[in-house]
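Here chain A shows up in two complexes: once beside chain B, once beside chain C.
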Partner chain A sequence: MATASSAIVKPARRGATLSQRRMIAGLLFVLPAVIFTLTMFIFPLIMTGWMSLHNWPLLGQATFLGLQNYVDMINDHQFWASLWFTTQYTLLVTPPIFILAFALALLVNTALRGVGVFRTIYFIPVVIGLGTSSLLWVWLLNDRVGIINGILLDLNLIERPIIWLVDKNLAMFAIIVSIVWKTVGFSMILLLAGMQAIPDELYQAAEVDGASYWQRLTHIMLPLLRSTFALALVLSVIGSYLAFDQFYIMTRGGPQNQTITAVYWIFNNSFTYYKLGYGAALSIVLLVILGVLSIIQLRVLRDETTY
Partner chain B sequence: MQRLSKLLVVLSLIAVLALAACTAPAAAPTGEQAAAGGQAAGGVTMSFWTRDSNQEQVRALVDAWNESHPNKIEITVIPASEYMTKVGASVGAGAPPDLMAVDLIYVPQFAAAGQLTDITDLAKALPYFEQLSPSHVRLATYDGKIFGLPFNAEGSYLMYNKGLFKQAGLDPENPPKTWGEIADAAAKIRALGDDIYGFYFSGSCAGCNAFTFMPLIWASGGDVLSDDGATATLTDPNVAAALEFYRQMWADDLIPPGARADTGTDFANAFTTGKIGMVGTGAFAINNIKTNFPEIEFGATFLPGAEGGASSFAGGDSIAIPAGSKYPNEAFEFIKWATSDEVQLEYYAKLNNLPVRTDLAKNEYFAADPRLTVAAEAMAMGKTPYTVVYNQLFNDANGPWLKMIQTAVFDGKVEEAVNTAQEEFTKILSGQ
Partner chain C sequence: MEATLGSATIHSPASRIRRRAGFFALYVIAIILAALFLFPIVWSTLTSIKPPSEASASPPTYLPSSITFDNYIKLNKYGAGIARYIFNSASVALITVFGTIILSTLAGYGFSRFQFPAKNVLFIMVLAALMIPFQSILTPLFLLMSMVKLQNTLIGLALVYITFQLPFGVFMMRNTFDTVPREIEEAALLDGASTWQMLTRVMLVLVRPGIITVAVYAFLNAWNEFLAALIIMTQEANFTLPIMLTSVRSGYYGAIDWGALQAGITVTILPCIILFLFLQRYYMQGLMGGAVKG
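Now for the complex of A and B:
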């Protein structure tokens, strides 16, 4: 590495103009990031694409199939069911995350003393690993020792403990609650950053013009938060589309395989059935779908405001 | 943020596998190999991979070997859930360990892919070859050749709470010997109180039920696969009968409602609450309860058939020499040593581990605890399905085996469950 970079630098010192030297220095600064992206993303991506054209078992030789894996997907009912389920999940989990995140961001976007404590509290679940938090919720929801059933029983709201994770709708509800709890802090921080980037003068000017709090909110803050919303939404939707841990741990895809997400199906094919080639093909398709979804969202929420 | 990078993780996992499969030096997770290699005066150092599930036993065993032999063994412990992918990657890269222990159900898959060394002659020359766990040997046999030998044994049996048996007016020294007797005992125990249940099983755990439910079918004379593993036999009436037995107990409220959601997290714990009458379990549970829950008085008996008989799921690890092993002969010396009388008694039985030999099921160390003898004898008569697609058929949480049990027991549709599972099994088996 050292020899390679000095080889690049030396000729630049001799005859290069200032702007060329600056450019090379700039390139050197981004080099680590470029190498990281190449080895951790671009190369694995190419490899995945290559694998997706093969019957690639865990043990034994891979054989070239061409596009057969992609053709097989058409008749893979579970794949389509998983995609549809993932879409449903994303549609259900996104609104509560955003409404709550926006409300929390408004609450903590004040100069009151001690507000930082609340920011931290809301953000703490984001720091916990998703696997850990899912296990935590499994125990919270447990019928014998879980505190949630305990509270509901003590309040006489239910007569018998609820077995949350064996019914598709109850399980979906429980998982959505757990994920909102887990991720709302992240969206809150993004929105908060967006709110704080809006210059105070705008609000002051509006206030002078007699605008109410509600008017300032809807006519100044919301429009100016557009690009922040776009970013938070894209990140959240991608995250939801890639949901795996919470379903793997909390429902194991059950009951009756009704909660298998797209990534879960990729995992099953790759690491349960050891069909690595098919798993790779599924990954590629999911990547394309996510790319398209992200482009659409960014287009819709494109923001040309400058201040 | 973790969710954001999930696709990346999946992609890179696959890519890492692929990388390892394409380039020569695999990232073998060993650190001290070079250092240790120099120290073995006159001997070689063999790499040995094992899964974490039974690492204490394996470590003690390897330490004992290293103290008394010039050829050293260096052990690498890999989490059980990643074991197959790690081994698969290293084998594909042409850099496998010299020796490996692997869950016996996967041995046919390895053998079929040509990844193991044929040890038929060496194995058959062992004086105690006929006494080695028959299920392990059967699964390690492919095309008439032997590719592995038993290394670690586990047998399923019925564990019951003697205290609850007494309270319910049942004879704790005379445990149930048929399904009817299990159901009767469960009903009497259930009557003891609101939170006391007669029976338990992990309703959302595929592997747990292969281990504890399948023996009920075998003990009645039925089976789930043909002997050669090529055909599904789930339409065997004994399968439907066993499902009906569970379904009735579920319908009669003899099983805790939460059992339905248990993905295996409670498999070992439910019984330790002291509020469960009976549960199918393995030898591992004996030590755990004796050590951590001494207040629970429990017994062990065989998993019975509908009208009697007994069976067990013989589990555990086999030990095999990967096809690319650098020291196959030295490696076999270790296998031979590990299965010898002295080691089986002093490093297996004495430490409360089941011997892998049927002739040692009864031994001086187990005499003090007849429950261990029950587990060892269960293992000795135990069976294991022979198939190269075990994971897909039985271990998959979203696969046909668990779906069959859930549809039959919880939804009450026994016939539909059996027919669907038979179809799905056939589909998977034909795709080999």
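Now for the complex of A and C:
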């Protein structure tokens, strides 16, 4: 170690200058992460593209197909149905998350004593796993032992238990409720961070000018929160578009494959039917859709913030 | 409510009373919401300590009539026993935590403090995984894992999780190193510290908050992840807790043991909640640093 340290202080004798040594040191520091990314991320990504051009069974020889997998998608009824279902789900789950997240953020941004405790409680479902929370909700929603039916029956709101998860629309509603419970805290914290970044003086100045609470909310807070909203929206929309766990566990894609999402359809092709090439082609299409979605959302945001 | 959007300097007594009433109403709303958010978790935990017959009672009962751990004993009869699944989940999570910390800290230090060719390209490449969902590369990852015989191993699953965690970890650690003033390094350099000593003796202490943040995320994501574990682990003895729970839910011959399921859910979610309650500050810093700035 002594020789190494002296080498840093004075330039080494043979050729390597201090800046060259630091260059090599820097490369060595980032090398493990770079190798990891190359083998476990970049390589599989390229491999997805390559596999998508093949008929690729789990065992046996892959055969080159060209773009046939992509052509096959056009006639794959379930592919279009799952894209449409995922889109419906995303459109339906996003508004309740945002309305409730905004209301909760306003609530935990107040000067109430103990407000930190409430903030923590609303956030807790975020830190448990989606798979586990989906199982929890399967039980809560169960028609025989579930407490949700139990409470609705006790309150005389229903006459017999509702079988939530075997009807497409009821299942969609129930799953949205469970996802709002599970994820709203995340958007709440993002919005709260945005709210706290707005200087108090702006509100005080407006209040002196006689602006009401509602006016301060709509004319100061909401415009200044626009970029936070956009960020939270992008994260939430992409997350919803990748939905899998909740449908795999809560409805198993049923009834009659009506609740199969895009990722679920990739999963079925790759790991149930072992059509790995077709699954890869579906993955590439999903990647393109998500890329386009985030570009559109970020564009819309930029146009609006520049006025 | 008034207090939320800045407060005016002068208040009449009447407005103070209105303000009190407003605060009271807010408390009531906040408490009702808190009860709704906590209810599923609390009721699940309570059900796990009910006698098994009560846990499967229809219609359901609210509070346990007596406290037993019979559901946990029944849970232990599934597959290879609950201890095995806790061990699987904990091993995968800990390997992921240590792997992510080591790789992210080294890379964060390199990207923050050194100049080298293709630095920006490499940085963007590592971060690119943030924009590309892992769901889309699972098929080749699965093949890669079977090729190198790591399919169905705890190490293999942990390697996949480390890959998913790296973009956030490297980004977080680069930013954390960026906040350390350069004067501290210069002083250490004058004292004759080598680059490696600088990192291990001087910098590691200063970037500890960043490391804890990266560790908390790595642990929670590895402990909770479902889809990759479902694909990589095909033998029951290697399942992690969330996958094992789905087989409890499937039950024996279609009859679901609801009490055992609640015991399993409790075992799975309590570590996450406890970890979060203790390290909440670091978790939130990660959310702000990783999401808002990024």
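Points to keep in mind about this one:
Here is the rule we go by: the second predicted complex is superposed on the first by the 261 of 307 C-alpha atoms of A that agree within 3 Å, B and C clash if a C-alpha of one lies under 4 Å from a C-alpha of the other, contacts with A are read in each partner's own complex, and residues count from 1 in each chain.
Simple rule for what comes next: contacts are C-beta pairs under 8 Å (C-beta built on N, C-alpha and C of every residue); 3 or more make two chains touch, one makes a residue touch a chain.
If you're wondering where the values come from, they're calculated on a predicted model, not measured in any experiment.
Residue contacts after overlaying the shared chain place A:L235 against chain B and chain C alike.
Legend: residue contacts after superposition of the two complexes on their common chain; A:L91 is shown touching neither chain B nor chain C.
In the superposed model, A:V138 makes contact with both chain B and chain C. Contacts of A:F41 after superposition: both chain B and chain C are touched.
Using the contact criterion defined above for the overlaid structures, shared-chain residue A:I295 touches neither chain B nor chain C, since it reaches no partner. Of the two partner chains placed around the shared chain by superposition, neither chain B nor chain C is touched by A:L222. In the superposed three-chain model, the partner touching more residues of chain A is C, compared with the other of chain B and chain C. When the two structures are aligned on the shared chain, A:L67 is found in touch with neither chain B nor chain C. Once the two complexes are laid over each other on the shared chain, residue contacts for A:P57 go to chain B alone; chain C is not touched.
Contacts of A:I99 after superposition: neither chain B nor chain C is touched. Residues 40-41, 43-45, 47-48, 51, 129-130, 138, 142, 144, 186, 235, 238, 242, 244-245, 263, 266-267, 270-271, 276, 279-280, 283, 286-287, 290 of chain A contact both chain B in one complex and chain C in the other.
Of all the residues in chain C, the ones that touch chain A in their complex are 1-8, 23, 26-27, 29-30, 33-34, 37-38, 40-41, 43-44, 55-60, 62, 102-104, 106-107, 109-111, 113-117, 119, 122, 125-126, 128-129, 131-133, 135-144, 159-160, 162-163, 166, 170, 189-190, 192-197, 220, 223-227, 230-231, 241-243, 245-246, 249, 258, 261-262, 265, 268-269, 272-273, 275-277, 280, 283-284, 287-288, 291-292.
Chain contact summary for the complex, chain A toward chain C: residues 1, 4-9, 19, 22-30, 32-34, 36-45, 47-48, 51, 104, 106-107, 109-112, 115, 117-118, 120-125, 127-133, 135-140, 142, 144-147, 149-150, 153, 181, 186, 189-190, 193-194, 200-204, 206-208, 213, 216-217, 220-221, 228, 231, 235, 238, 242, 244-245, 248-249, 263, 266-267, 270-271, 276, 279-280, 283-284, 286-287, 290-291, 294. Those residues of chain B whose C-beta lies close enough to touch chain A in the complex are 1-4, 6-8, 10-19, 21, 84-85, 88, 91-92, 109-110, 113-115, 195, 203-204, 256-258, 260-261, 263, 265, 273, 391-392, 395-399, 403, 406-407, 410. The touching residues of chain A, counted against chain B in their complex, run 40-41, 43-45, 47-48, 50-51, 56-60, 62, 126, 129-130, 138, 142-144, 160-161, 163-166, 183, 186, 235, 238-240, 242-245, 252-257, 260, 263, 266-268, 270-274, 276, 279-280, 283, 286-287, 290.
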